[in-house]
Amino acid sequence: MTFLFVVPTLFFAGFLLYFIVWNLYYSFLDYSIIHAHNPQFAGFGTYSSVLGDPLFVTAFGRTILWVAVCLAATNALGILIASLIFFLDNGKLKSIYNSLFLYPISISLAASAVIWTWLYNPQEGINSVLTALHLPAFSGLSSPSTAELSLIIVSIWIYSGLSAIFYYSSFQGVSTQVIESARADAAKAHTIVFKILLPEAKNAFIVATVTIFLFVLRMFSLPYVATGLDPFTMTLSEQMFNYFTTEFFSKASVVSIVVVIIAAAVIVPYALFGVKRWISGD
Amino acid sequence: MVKIVLENVTKIFTKKKQENKVLDDITFEVADGNFFGIIGQSGAGKTTLLRIIAGLEGPTHGRVKFDNTVVAEEGKIMVPIEERNIGMVFQTWALYPHLTSYENIAFPLRAKKMDENEIESTVLHLAKMLGIEEVLGRKPGRISGGQQQRVAVARALSKNPSLLLLDEPFSNLDATIKDNARSLIRTVQKEMLITAIIVSHDPADIFSLASDTLAITDGRNAQMDRTANLYHKPNNITVARSIGEMSVVQGFLTRDSRNDVEVKLGGSCKLGFRRDELIATAPGNNSDIRVGFRPESLELLDEKDISLKGSNDWALIGNGVVKICSYSAGIFRVLIRLEGLEDDIAVSSDVSIDTDSRISLYAKRHDLKLFDSRGNSILDYSTRTEKQGGPNNERRWISAST
Amino acid sequence: MIKPLKLAKKAIHHAILIVLAALWLIPVYAMLIDGMKSAGGVLTTPILQPTGLSFTSLIEVSTALELPIVNSLIISVTTAAVSTLVGALAAFYFYKGRSWTNNSVFVIIAIATFIPYQITLVPVTEILSTLGLFNTYPGLIFTFVIFHLPGGALLMTIFMSNLPKSIIESARADGAGDWAVFSRVAFPLTLAGAVSTFILTFVEVWNNFFIPLVLTSTPNMYTASISLLSYTGGYGTLYNDSFAAALVASLIPLLVFVILGRYFMRGFLALGSGSKG
């Protein structure tokens, strides 16, 4: 009878599954503003037209680049921040810093977009400080060459604190006796980080990487609010939305399927790997 | 009260396609109102056995009956734990940390939907009996270990169970209060006329509470008997050791023309046995055997002291040195190494003895245990004179200075 | 005696952290000083330079965002409560048995937790339109529950897996049935985890932009984050309004983070590395 307990959850999770199947079905149709009332079966036709669409191709490449740069930066910054905090002596200070680097994640991406759009403003924003210091100005969102980089920087600001708490918590799992004996052996801080802490932080690396990967893969509102559906910053999710608003529904479904495949390649092994840790209680 | 019957209970856990037989064909019966013990080393399967009786697991094969009702059979649980009317005290006590002691004790009664007045009088009665009235308003985290244990006992008893199950209930208590806790349980069980089963690895728990005991090794019934018999007449070395300390040394058995037996220990010691003192299937001439000594059946004398020589009751085992002497509860435990023997022997002593002292070791003939090379007893206990146990009044000691 | 070298190292250590922290705080700093700048201040000072305080913009934006904030509250609180409570029920199921079916269902729930919600754009719009739930509270809440219930179940399972088995077994021995074990023992003992789950879900739903963008069509149904679209700062907008809007729309999740940050962090850590940290 305990099975009844999980029925409501399965009911809702079932919708999610249904949505994916639905997408799969529609991705093989030609359902668009042109065939709104009688969608035609198109086989892989819609797939080939989406994969041949330069807008999709750049959005795809851009999303992958975004994921790669953001992952590299958030992992590096996460390790740096976590180590700096880990070696503080004051426990109160540790938790203050941990929260301080994590707070951006509690603000909506839309709000972050609004704030950073202004901070990147060529005259009023950070540039006013750079100019005052006689440093070269940063063109930010106003130039196609730096627009994407500007948004990637915002995503790094948002997610580094998350990566830091994962690393920090795995550092804390390392026995203090091991660290104290390393200190007694006069080991330098960076030696402790690279030789003792990081080898134990494999789990943090996986968790931070997977979590941030999924966050960036579905990146939508940050570029959408900051620049609209701009061809120079458009991500996969935006491209899907773009097809949707222009009523190329099957094309939107194709993009969905592409996203699901990429996500599943990460989520499925992650979930299988996670099961043991998640329910490791006695 | 209830009679518990287990018939051919076998439990197999399957993990990653590997079958692990935790219990193998266990059969026994606990009479109405009896206090029954289950002893064994950790991993022997004793806790699984208790969980099967409780209904937390089902037997893979075999049958469990409460009186004449089959409660579980062949992998199926007919009567689930919540309907078996049992009280259970867990090793960790498993008190509800978010509830006060009062609410902990009242929990089973609320599950029965008993009315509030009745709950109150039951809880207060039990609290008084167990001496925990003053902690009723506090949560488990804020009372001592001994009090927590008594709250757990009160909770197990509050619904007036017909069977009380105790899983290592004293192992988390300080040594100093264990005996109090044991006597409290003994009293309560007698007063309330409950059938009780205790599982423990600690012989002290078993001796103090259980009148009959099952010793299990590797999931099998190694011996079921009156508790004292497990100690004095063990079926094998594992049983002997699970119920108390026993040193085992290698011996060599020879038989003469009349088939009487001589056992050689080390270089010089020879012990004689009549052939009827051994069971019929005991090994023949020229066999390796093992000899067991309880610490209290041994005597240490100064090497020069010959007062026990020629005694009928005492046999000289050999000479050797004291390796170490430690202390526990009024008795010194002396570990000695005899010349020509590879195993250390533990001896109880009333006095401390210096390390490296030279000593002679004597053993009480009647308390010697003989086992074959696989560890099974080869003595026919029925032919041995009943003259066992306890400290003896002719105990001597050697002075530490010699 | 502390060596000067050691002291210098300590100073550098703190200096790096302080500089990083300052960089991280720039957006909050800007929200606070610029959200409370007067129109005159906006025209005479750049964004990072403070001037006198004025609440005009803040009050104006608050009034405009009042309805969206109420909408966000209704939707976020309901979704978070449903996800936490219903998720806790599922968690109890996962806790109780470790059978093959049990584990498979759990893996499905775990996968569902991480599926990017954007992919359901087309079907969800279709279903809600068919059901007449488009642009309504029930429609939005229903959709959010679909996305957040698996996560709630996963988190609650992680937290519940810390419960000692013997406590649940002793409740059963005490005669409690499934519902009593859940409601009187398992759930009360996972309360801290439930708070984490609730807060994490609440903040995520509050901050969600995509779903209300797709599923609402009239301003009276807009949520706080959607409303920010009108403050993105095209030509002619003054930046004090933008910063005030960002501040007002983020105030509740920020306060939740500041006051209950411990629970928030524990939720993330649990999702990452299990309940033990």
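Note that the chains take the letters A, B and C in the order they are written out, and that residue 1 is the start of every chain.
Simple rule for what comes next: contacts are C-beta pairs under 8 Å (C-beta built on N, C-alpha and C of every residue); 3 or more make two chains touch, one makes a residue touch a chain.
Worth saying up front: this structure is predicted, and the values here are computed from it rather than measured.
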Chain located farthest away, centre of subunit B as origin (C-alpha): A
Chain closest to the middle [Cα centroid of all protein chains]: C
Geometric centre distance via CA averages, subunit B-subunit A, whole Å: 60
Length of the line joining the C-alpha centres of subunit B and subunit C, rounded to whole Å: 56
Geometric centre distance via CA averages, subunit C-subunit A, whole Å: 15
Contacts with two or more other chains, residues of subunit C listed in rising order: 164
Subunit C-touching residues of subunit B, taken from the complex the two chains share: 54, 56, 80-83, 85-88, 90-92, 94-98, 107-108, 111-112, 155-156, 159, 165
In the complex, subunit A residues that touch subunit C: 1-3, 5-6, 8-10, 12-13, 15-20, 22-23, 26, 81, 84-85, 87-88, 97-104, 106-119, 121, 123-126, 128-129, 157, 161-162, 165-166, 169-170, 172-173, 203-204, 207-208, 210-211, 214, 217-218, 220-221, 224-226, 237, 240-241, 244, 249, 252-253, 256-257, 259-260, 263-264, 267-268, 270-272, 274-275, 277-282
Contact set on subunit C toward subunit B in their complex: 164, 166-167, 169-177, 180, 184-185, 188-189
Residue ranges of subunit C in contact with subunit A within the complex: 13, 16-17, 20-21, 24-28, 30-31, 34, 46-49, 86-87, 89-90, 92-97, 103, 105-112, 114-126, 145-147, 149-150, 153-154, 157-158, 160-165, 178, 182, 203, 206-210, 213-214, 224-226, 228-229, 231-233, 239, 242-243, 245-246, 249-250, 253-254, 256-258, 261, 264-265, 268-269, 271-277
